[in-house]
Every structure is written in C-alpha cells, then in structure tokens.
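By letter and in written order, the chains are A, B, C, D and E; residue numbering begins at 1 in each of them.
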C-alpha cells in the first residue's frame, strides 16, 4: 500500500518557507519574526493519504494553507500537477481551487452561521459556474446524501447540527466541486470519540469512491496510523522524519518520533507504566534553538546537535530523517498494542459492529 | 454684581460693538456728554458745547482737573488724540459715526473745536456714546482691549472671557462721591432663567434684560425689585422690496399687501401675549418718549376685514411668503403669534428660523422675503431711521428707495433745532407708513431686576446702567 | 512602550492635518460672514470691505489655509476677531476650567457608575438590576440643560444650598471650588455614569462567566473577594480606557452644561466662536480639541497596556 | 490541621442519587448519579461531550451557578458531611482546602491580572492564618513540587508569560497547595499536546501517590482512563450506564455504549479495516428518550428500552454494574445476530 | 441560490426554517425588558403616525386666552406660551423626533457601513486613509460638525437629519471596520476563499450578514443620540421649522418657563426620556436576541 502503482506526484512542496511578523507593526512595534514553516519539501502521490503530524504550533496549519495558497509563501514553491501555483495570478488561482479543497478543523467556526447548508454547498458550484438552477439543487442533494445527511437538511442552518454533522457539511462543501486533492486540517480532532470514528470512516469511503488524494494534518497518532499511507513528522516548522506508515510506527528513527509515539495513552489498563517522557515544552517558533531544533528536549543530544542543523536524509528507501544520530539511537521500545480480549468481549464487539449499517441520518 | 445677557466684545470703545459692552463702558469710561432719562444731553467731560459756523463747527469746553486711570491729565489734546484714533484706527468701528468730522482743533487746553464737513445733527448723540468716550492717549501704543485705561468712575481690574469683568473704584475720579461701590463685577449669564436664579439665590445684585415672562414671578418675590422703561429701539418686519430676486413677491411688489399684513396683526395682543404688556405696540420707529414721536399716529389697530379687502384689491386673496426669524425662543414666539394672526387674513407665513450669523448674511445678501428685525435704538432719531430707508443706506437691506423720503431725511440731518427736524421726520414717516418697507410692531422695554436693597438706580431709555448714586441699603 | 508612543504620535500628524483641513472647509461651508456678525447692528459696507482686506478674507480659501498653516507652524494661533484676545490666551483661560469640571464629573461618574454597574451585574435579572438600568438610562436621556436648570431652581433658589452658577478654581479656594463645581459636575457626570454603569455591567457579566472566576471560587474565596478582587480588576481594564476617551469628549461636550451654569469653559468658547464665525478661535480650538482627543486616545492605549499585564511585556 | 483526613476507613466521598436540573430544561441533566471513592483511589468519569461530566464535578464542588442550575435530589457526603446542604460559608472553607479542583482550560483558568505566586499564595492565606511571606514560601514549594523550572522566577510571572503546560502545572500547584483529601480534575489535559499531556498525567499520578489523595478524573479519552483509573464510571446523557473497576470495563464491557466507545478507537496496531461506530449523536436534552437514554442510538434497543429506565445492576464481577436490559449481550441478542 | 428540496420533504424544511426564524423573535419576545422597550417605541410611533386622529386639538392652533395654563381637564398637559395644546403638540412632535432619530441613523449606517467594509477588508493605504479621516472627523466636536452640515444645507428637518446622520458616520465606519477585521479572521471566511469565492461575494455574503447585528444594536443606541441632537439643532434653528412641533424645540422653548410653567418642559422631557429608554431597551434586547452565544 505504501507506494501506489504508477507513482505519480500530484503535489510537490519545494523548500516552503513562511515567516510571520517581522515587519513594522502600527501598534505593537516590531513584531517578532515567527518562523512558522521553515524550509519544508515533500511530494504527495496521486491517490495516497499523506499525513502531517506534530505538536501544536509546529506549523501544520500554516503548511496546509500554504499548499492551497490561502497565504503567500515567504519562499519556496508549490507545484500542483507539475505547475507552479505560487506564480499564477489571483483569478487563475481562484479557478484552480476547484481542483484542491480544504476541510477545516473547527466545524463550529468554519461554516458561515448565516447561510443555509444548501447555500453553503451550492456556493462553490455557483462561483465555479458548475451547475445552476435545478441541476445545482440536485447536485447539492446528491452531495448531502453522499456524506450521509438527508437532502432536506439543505434548508437548515449550521447551528442546528451537531459537531459531527457539521463536519460532514464541511466535507460536503469541500467535495462539491469534485476536487482531486483535499486537505484536511485536523478534520476530526474537535469531535467526540464516537463521532470521530464516523467521520474517519466517511473520509475513507469517499476517498476510495472518488479517487481523491488526501493530505491529513493531525496530532492524534492513532487516527493517523489508521488512515494514512505516508507520514511526515514536523517539529518547529521543519519536517524531521518522513516515512511510510508502518515503517514510522514500527521503526521510528527520530527521537522526537519516538517520544510522540510513547506519549500516546494506550487504552489498555495493563499497559501503563514506565516510558520515556519528554521533558519541557517546545521552544517558541519566534526563537528556534540553533542546530537541531529538537536538541533542547532530546534525551540523546550531543554537542553536534547544538551546533549543526541536521539535513533530511534517506536512511532507508522512502524513509528520511533529520537527525545526526539516527543510526546510533537505541531502537524504540515496542508499542503495546492490544490485550487479548476475552471471547465474550470480542463477541459483543462483533455483535455491535454488525448490528446496524453505517448511520445515514444522525437524528432519530 | 451685575448680570449681563451676553459677553461683551473687545473693551476698546473705538472698536467695540456690543450693547453689553456699552453697559460696561458706562462704568469704566467717561464720555464728553451724556443723555439723561428724558433723552436730553447733559454735561460729562464737556461742561458746555456750542454750534457755530452754520453748524459746521462744534466747540466743547472741557472739565478741569480730570485724570485718566493712569494719571495722565485729561485735556483738549487728549480729545484730539482720541478723535483721531477713532477716525484712523484700521479696525475702528466709529469711523462712520464721526465721518463728518474733518479735523479737531485744540483751541486751548480746555477747549476743543470739531470742524465738520457739513452740519451733522446726529453727531452730538454719537458723542454721548462710545465715540465720545475718552481713553488715555498714553495707552494707545499697546492694544487697548485687554486693559482699557479711561477716566471713568471705575478702573479695569480683570476680565475672564465669558465669565466676568471686574472693576474697582477710581479714587481720583472727579465725581467719586457719587459712586458707592468699591468693586463692580459684571457677570455674563446668557440664560435669562439662570440669570434670575442667580439674583434670587444672592449671587447677583442686579441684572439687565429680565425676560418678560419672568416679570410676574420676579414681582411676586419681595426680595426683588423690577424696573422697566420703554427703550429707544423698535421691533418690526422688514420686507424685501428690491434686494435681489427674492424681492419678487406680492409682498415686496405691492404696498397694499404690506398694509394688509400690517392690519392683520393685533399689536396690542402680541405685546400682551409675549411680553406681559410691558412692551408698547407701535407703528413708527421712535419711542413714545421721544420728542420726535408722531402723536397723530397712534399704534395701528387690527382690522382683518380691511386687510382682506386690500388683498382682494391687490388680487392676491391668498398668498404665502417666508419670514426669516432669529432662533431665540422669544423671537420664535413672536413670529408664531404673527403667523397665527396673519393666517386669519388669508396670509400664510412660512417661518424660517436661522441662527444670527446666517440671518445677517441672508439679510444683506437679499436672500429673504421678509425678516423679523429689531433695532436696539439710538438717542438721535436719525439712527433709528436714516440708514434703513434712504437709498443706499448702510443697513437698508430692503433696498427700499424713495427720493421723497431721502430728501426729507437728509434734510433732517443738517438742522439742529428739534421742531424743524421733527417736521422732516413727520413728512418722511407719512410716506413710510404708506409704503411700509418696514412694518413696525412694538417698542421693547428694558427690564431690570435687582435686589430690593438696591437703591438709586434710574432707568434710562437707552438701557444703560449708570451707577451714579446707586447703593445697597 | 516609548516607541509605541512615538509611533502613535507620528500617526497623529496626518490626522491632525486632516482635522485642520476639515475644520477649515467646514467653517467656510457655513453661511454667514464673521465680519458681519462682528459688526452686528453697525455694519457699514465700506468699513467691512476694508476689514475684509485687513483680515485676509478677500483671498481664496486655499491661500487662506496655507497662510494659516504657516502661522500655526510658527507657533502663532492667531487671535479672536471678536475680542482681539490671542487664541492661546483664550484657550489657556478656558481649558483649566473645563478640565476641572471634567475631572470632577468623571470622578462623580466613576463613583456612581462602577458600584452600580457591579451591583447590577452581580444581581443580574433581579429587580435591583432593572432599577439600576432604568435609572442609568434615564440619566443618559435626560438633556443636560434640563437637569441643570431643575437643580439650580431647586438647590440654589429654593434651598439656597449652593451657588447657582459661576466658577472658582480649586487652586484658589477649594471650598468654593467644590461648591461651584459639584452641581454642574453632577449634571455632566449623570450621563457618563450611565454609560460607565452599562459598560461596567456588561464587562462584569463578561468576566464573571470566565474560567478564572470559577478558579477563584474553587480556591474557597468568598463572594466579595471573588467579585471585587478577581472579576472587577479585569473588568476595569476596558472601563479605565473608556474613561479616558469619555474625558476627551467631555472637553468639547460640556457646552450646554457650561451654558446653564455659566461656567466660562471650553465648550462655551467653541460654541460662541462658531456662532460668531470667529474663524481663528474655531480653528485654534478645534485643533486643540483634536490634539486632546488624540492625546486621550494615546493615554487610553498606554493605560490599557499598563493595567493589562498581558500586554505589558509586549 | 493539615494532618486531617478520614480517621475511619470510610469513603472520602460518597455521592448518592445526585440529580441536577437547569431552569428552562424539562429534564434532569444529571439523573441519579451515585458513586463512592476511597482514600487514594482514582475514579474516572468518561462519556461524550455534554453528557454531564463537568456539571457532576461542579455540583460536588458547590460551584454550579444557581440559577440556572438546581440540584433536585441527592447527597454528596465528604468525610461524612453533606456538601450539597452545607452552608455556603462552610463549603467555601472546605473548597481549595480539603477539596480541590483543576479545570480543563489552562489558558483561561488563571486570572490574567495577577502574578501566579500571588494566586497560589491567596489559596494558602484564605485557609491558614499566617503571613504573606509564609504563604509565598508554600507557593514556591508547591511550584517546585509540580516541577516548574526556575520556580523562584516564575512566582512573579503573569499567566500569559507561561506556556499551556506550565499553566496547567500552576493550576495543579494551586489545587494541591493545601494538601487536599480529594482532587477533582476536569479534563486537565484535553487542551494540551500529547507529549505535555503525558507529562501532566504522570505528575498528577505521582503527587496523588505521595499524598494518598483521592481523585475524580473527568475525561473522554479511554487511553487516559486505562492509564490512571482504579474505577471507571461511564456516563451517557446524564446517567451512569456502567461503572466498575478499570480492568472489568476494558476486558468485560457490558453496556452497548461502552462497547461502541471501545470499538471506535483506532487501534495502534495493524490497521483493522473500518472502525466500529455508534450511530448518530447524543440527542439534545429536550429530546432525551423516556426510557434508556441510549435507546435512540442502540442497535439492540426494543420497545422496553424506549419506555423503561434500566436500573444499574451488578454483573458477575464485584463492583461492576451496568444499566442495560440486554446485558450480557451475547446472552440476550447473541443468538439473534448470529 | 437556495437549493430547492424535493417536494415531499419541503414542508418539514419550511417548518424548520420558520422555527429558526422565530427563534430570535421568540427569544426577543421572552425578554420582558426588551418587549417593554419595543412597546414604548411602538406606542410613540403609532401615536405619531395617527397624530391627526389621536391629538385632541390642532397642534398649531393658538389661543391667546389660554397662555401657559397648567394641565386641566380641557388640556391634559396644559398649554404653551402662545396657548397651544401641549398634548397635541407632543403627539404631533413625535414625528419629527422619531424621524430625526431613525432616518439620520439610517443615513449614518448606510454611508458608514460600506466605507468601513472597504477599509476593513482591503486594508493597506486605503484603510490608513479612511481611518485617519474618521479619526479626524471624530476629533472635530460633534456640535460643530452638525452645525456646519446643517447650516450648509440650509435649515429644515430633512437637512438636520442628514446633518446628524453625516456626523454619526465616523462611528459606523469605525465599528464596521472593527467588525470586519474580527470577522475577516474567522475560519468560514478563509473557507470561502478556499472554495474560490471572489472577494466581492465574500464581502457581500459572508462578511456583511455577520457584522450586521452589532451595527443594528449600535444603530438603536444612536437613535437616542440623534433625537437629542435634533433637540440641539432645533435650538439653533437648524431643525424643525416653527410652528411645526418637535420635542426638542418644545423643550427648548419650555426651558425659559421652567419656573413659571414647568409642565411645558416636563412632558416633552419625559417623552424623550421614554423614547430613548425604549430604543435602548430595544437595542439591548436585539443584541441578546441576535447574539448566537446566547442561543
């Protein structure tokens, strides 16, 4: 699953940099320069699910917005289908948005509270001149059905929906124009556990059905592991490790990746106990440490880490890492995965899963 | 402590313009001559005066031993210096008043002769006012306004704009025994209700221009005293006769329409309603106390039927015009009463209220059909009439022009005897009553309120407050 | 902080320039002629013409504006057409008066507005809240001159407790100053108190539902401490800045009250100048209020930073 | 005073039939919650957002704003005294002293206007006579205990100068400064990053062990539950649907809702196809069903479930209770589905 | 724009729609103070609109025998300085005052809002220019501004309303701009951009509806300011022309008779207080009803 046949790059980020502030600000004086994204490169292949993980503030959202050119990069470029989208005009870019769409993190704030769901979904169709009148209405109904909402909900307003339903609306809106690339910026982290699973399943189904390429931004490693093909780990504006999913989880090379995996609470009561925890907080992107940016928290840091910025290098095919010591680190302890479930439990779970198909309408 | 309705303007008699300023000057400065309550000229700094040379020379004998506040002695040279300043100062407002003076000659230290270009009967009256006030010539090199140095019974102490002017007794005044207050404070309190409240609560001893509507309650208060006298001014309606395009109305074009308007107004009722009957209804510009008042012409009575008949004759049974009104409540009240009265004769008056500056501007620019106007009045009758109705007169906003009127009024200027002048005024008055460029309505009275303890105040039709012999019991 | 102040002052320059342009244009838009007004009854066309030349009113408006700019740049604010007094002197005389009045009314407004606002917020939805709201709204909608005259009639004329009008500086005679200032300050302050009360109320309501108030309660603090220490302290931040802005407004906005109580203040100066078309004074005064306004805005910003630790280190 | 604590072996907290209603809502938002907590024990309250976890916790602390909240039934005995009926003043004396609470939002739970040292010292001064200086010492001491680096300097810091993780440590320090007997932690780590969350959870566990303090931890993360809980109470729509020792809940889940929660977790192991899901979402309180509140989403619900409230009954395991007519599932519906 | 739903389900949809629309209304209706405010305002509006039928006398009819008479059975609120019935003038005068309040605020709103939108959305030098200009206008004392506009346009009620409206424009520019800056950063605006909605439509469809509520609230509050401003302008002769009544001009005349005929000032004074109170309560109620946080 790791390298889809006919490996064909749909999107390529090349040395992307985004700095905020630094300019003269009217009120607060010289704002500190924030290096939100600092030289990030990767390729996304057609049809795969590419994940970007990292702690809060490491630049994931900024990267996502750069890819869609919702903000202008400070340096670097983004190629979509081989064409540089950072160089085209605003109107061309607007037209291109038909092809690449975004699902936002917060289903509460990302839908205009004063538009009906129908209007929200019809809007992209209208602005791209894709359908009008009766046809448009049918398309809206279609899309709503596809994301598991009854079409008559088109008349309602976002606040009348639960979080999960709203996220479906957000997905419907992103899919309305029939895009080829969809970026989800933490599309499920605002949702409850039980709802989260619904949305993840939906995304997977839609991806398969429509042949989408997905870029998922997340901080929940469990979700990532479940859904992604390849994963990039970010720390303070940089990619520190990039690998296929299984390679990353089973043989992480970067110490930060180790600790990220170790920090996940495992829903297995017996598994609690000693593990390697990171000390301290991530430094501010306004004043990133010199050398390896992780050295301030790294349990293995050596002198070289403080002075030299490690480059991303491939240690195995398709597995790159930015760590001076990658070869010398002790392997990560195996993650506890499952307990042997009692037969009764397994039986119950099967009963539960098989009892009813995927829900169509959330309201009863 | 005296409450004034407005804040005086510049305290330089040669530049000053306001009425309240004159009240202050009366305490601060002496003038050559003065007028008494019967409007006769009485000596002040000049002990006597004579007219000679066919009315072209005016000679004053001056009082001896008079000193200015700065100690400079007052003499003929000082008079000459003052008159020259009044004529020459760029910002002087007295120029037109004394335009007839060609030169001032010092005959001897206590005699001064004014040479005139032509006989000028109103000149004496001017000299009984600001034009005749004497400033210390020594103070001319500095701006006078901020600290005027005169020779009056009180000297200037301080002024806080919009608040107060404080004077203090001048110890070397030639008549110092008649002035009983060590300190006089003029306070500016524009709102008449508040002014009265201040008098009642003891912050003032006297105030000028009590609102007519407050007279009743002030009279009911035993601790207060009210004095009033019909003043020199008049109130009326001036009609745009020939000042620009807006003169083109039935009112402006046809004197019968103006007569009808005049007849439709019940002047008696007007003064009763608005002024508690304290103001006098009138049909002419001179106060009834003036020797020039034409007794053969009593205040016109209302006659709606006749007004209607006149309108019919003029072919405008129903018409409407716009009357400009100042935005003070009293003016509006008057205007609304007139409006109500006129409507009964079929005349529809639209009111346009304006603040003062706008009103003045449109008046001079001819941007009006009719205006409710008033004139504070002058001692000399000429001041109440000549410049308003003669062709090219300085304040002739109606642009009324009638050679017969011009002739009579110009003639009245070059004779000094009252009877001869009255004949001219009567003749002009007769024509004006026909033509009615200005419809005279009533004569306002000056109303003063003071503490009942205040004694010796003599109301004078000129509205001034003279402090001689005034004291607090 | 200093650089903030400096920058704000730099930004103020174009604003002030625009104010000058506006006031110049606005004034010339007004019908009426300063000289005519000055002349009053005694207007003589020849004299007026001469004066017009003397004051430069015969020149075109842009030329007059440039001329005025040059004068201002050299520190000369000109003088009053009406009284001949220098504009700086007029401002110097009236501004302290109005400042005394404004400070007094602000104090009264704060003393009334904040406690009632806090009370209304804490007792939200009870009759106390409604009463406080109704009273404050009345305070907001009763015209100042009306309240003023009623107070004068009642307190000064009937009861003879306080002088009906006048002004005494606090530095001359504090007792008299108090007696003359308290009534007008109350009249002015009543409207402000209403504004402050309403802002205090909503700020308190906003703050009272914040998490840290709950934290304070979780510590076992008693209600008065929670409200007065933890909540009010934070609710005050916007109120203090609001107060400085209100203070700026008071300088020019006290006209009617000043008129009623015959206080020779700034508002009166402005209005008289406008009515008399005393161009020089209007220009000077508006310039002065604009500067005061901008200064107050600046002070508000600075205060905001000073009392708000979140911004202090920025 | 600090040496207090229950002399008997009795429970630190015994909540019985706690029922909460809000003005304007026609239903009990918490309905008959009962649980007990021994010394040193950790109880985890789990459930979806809006199921009433926080208001249960707040009710015990006496911090529910009333109006609109009203506690219509029940008792909460803390060391033998009923917290719900005790005078406000007396409750305030306990709060922050014997009873402490940590909140979900470290960003907004500290007063931005005061230095953190003062905010901690305030809790000391409120409950102990003693000088400001002594209180400050205590504050410094407790800051060190929650492992804040350079604690002396941080005493004078304002909240905005600290990161989220630091602030949550300060909140913990503030709660622990008077060595309470019971700590209620309402989702103390939800707002934090995974790496920080792990630090904080480890810290709380350690401090709890040291002091022998009882704790109620509110969370919706089953991973966290597995890590720290001794006992678990699963809440759904205001009711406890299953309670029991942590092992029992994970190895022998009985209630369909619990099953759904566990099934919907993406496993960290090999990818196992589609996730199990619970259909639909929690209905708003106005539309809670009359019987079992989970009935609208339960694949096994029948007419009885919709009309009758299932009581909490013991399963085979001691202390393990479930409120479901169909439990155990394999017995009641197993044949049907097979 | 709205997607038509299949016929079968449209009734349910319509119901939901109606229900949602009614929610704000229902919330408003359940707020007693707001309702009281609305009733107050409505009462005065109705009285003013039907003045001809309601008022007992002709408001301009003078009666020189009934000058400044205290309230009586014949004249419930007494008579004024030239014998007109105060109650009738009060009822008729409501038109001018309410009109001045409402129309001027509309002017302020519809001039100020577009300018503020442009400044807030586009930013840059345009914003700087607009902001400096509004600052400057705010720094010019209100009275001077209003007098200048009113005097330049000529005295009449309409022009007074325009003048008051224009002088309130900067406030609305500022408020709109601030709101736009706040809403601009909302996710759904970025969402609209991500979908490819052009600027113009974002402003129209996404920004404007979401900033309207605070503007409406500010508007109801400014109505009060405007009513009082009309009184001041009337006082200067720049507002309603006599003899047509307005509360402001009534109050200004009455102030001279405060001592001898207090009823002349009490009734217009109370009328103003009540209407201002009404509008303020209405504004508060609207704010609560429109605030999604409170739903």
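Note that in this section a residue touches a chain if its C-beta (ideal position, glycine included) is under 8 Å from a C-beta of that chain, and two chains touch if they have at least 3 such contacts.
Note that the structure is a prediction, hence the values are computed from the model and not measured.
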item	value
Path length in the contact graph (chain B to chain D, fewest steps)	2
Far-end chain from chain A, centres as C-alpha averages	B
C-E or A-D, whichever has more C-beta pairs in contact	A-D
Centroid-based (C-alpha) most distant chain relative to chain D	B
Geometric centre distance via CA averages, chain B-chain A, whole Å	89
Where chain D and chain E are represented by their mean Cα positions, the distance between them in whole Å	50
Chain A and chain E, separation of their C-alpha mean positions in angstrom	49
Numbers and ranges of chain C residues touching at least 2 other chains	11, 30-32, 149, 153
Chain B residues counted as touching two or more neighbouring chains	191, 193, 197, 355, 358
Chain D to chain C touching residues, read off their complex	61, 63, 67, 89, 92-97, 100-101, 103, 105, 108-114, 122-123, 126-127, 158, 160-161, 171, 174-175
Chain B-facing residues of chain C, complex	30-34, 36-47, 50-51, 54, 82-85, 90, 93-94, 149, 152-153, 156-157, 160, 163-167, 259-265, 268-269, 272, 275-277
Chain E to chain B touching residues, read off their complex	60, 62, 64, 67, 81-83, 151, 155, 235-238, 241-243, 252-253, 255-260
Chain C-facing residues of chain E, complex	33, 132-133, 135-145, 147-149, 151-152, 224, 228, 231-232, 251, 255, 258-259, 265, 269, 272-273, 275-277, 280-281
Chain E to chain A touching residues, read off their complex	1-6, 9-10, 12-14, 16-17, 20, 186-188, 190-198, 201, 205-206, 209-210, 292, 295
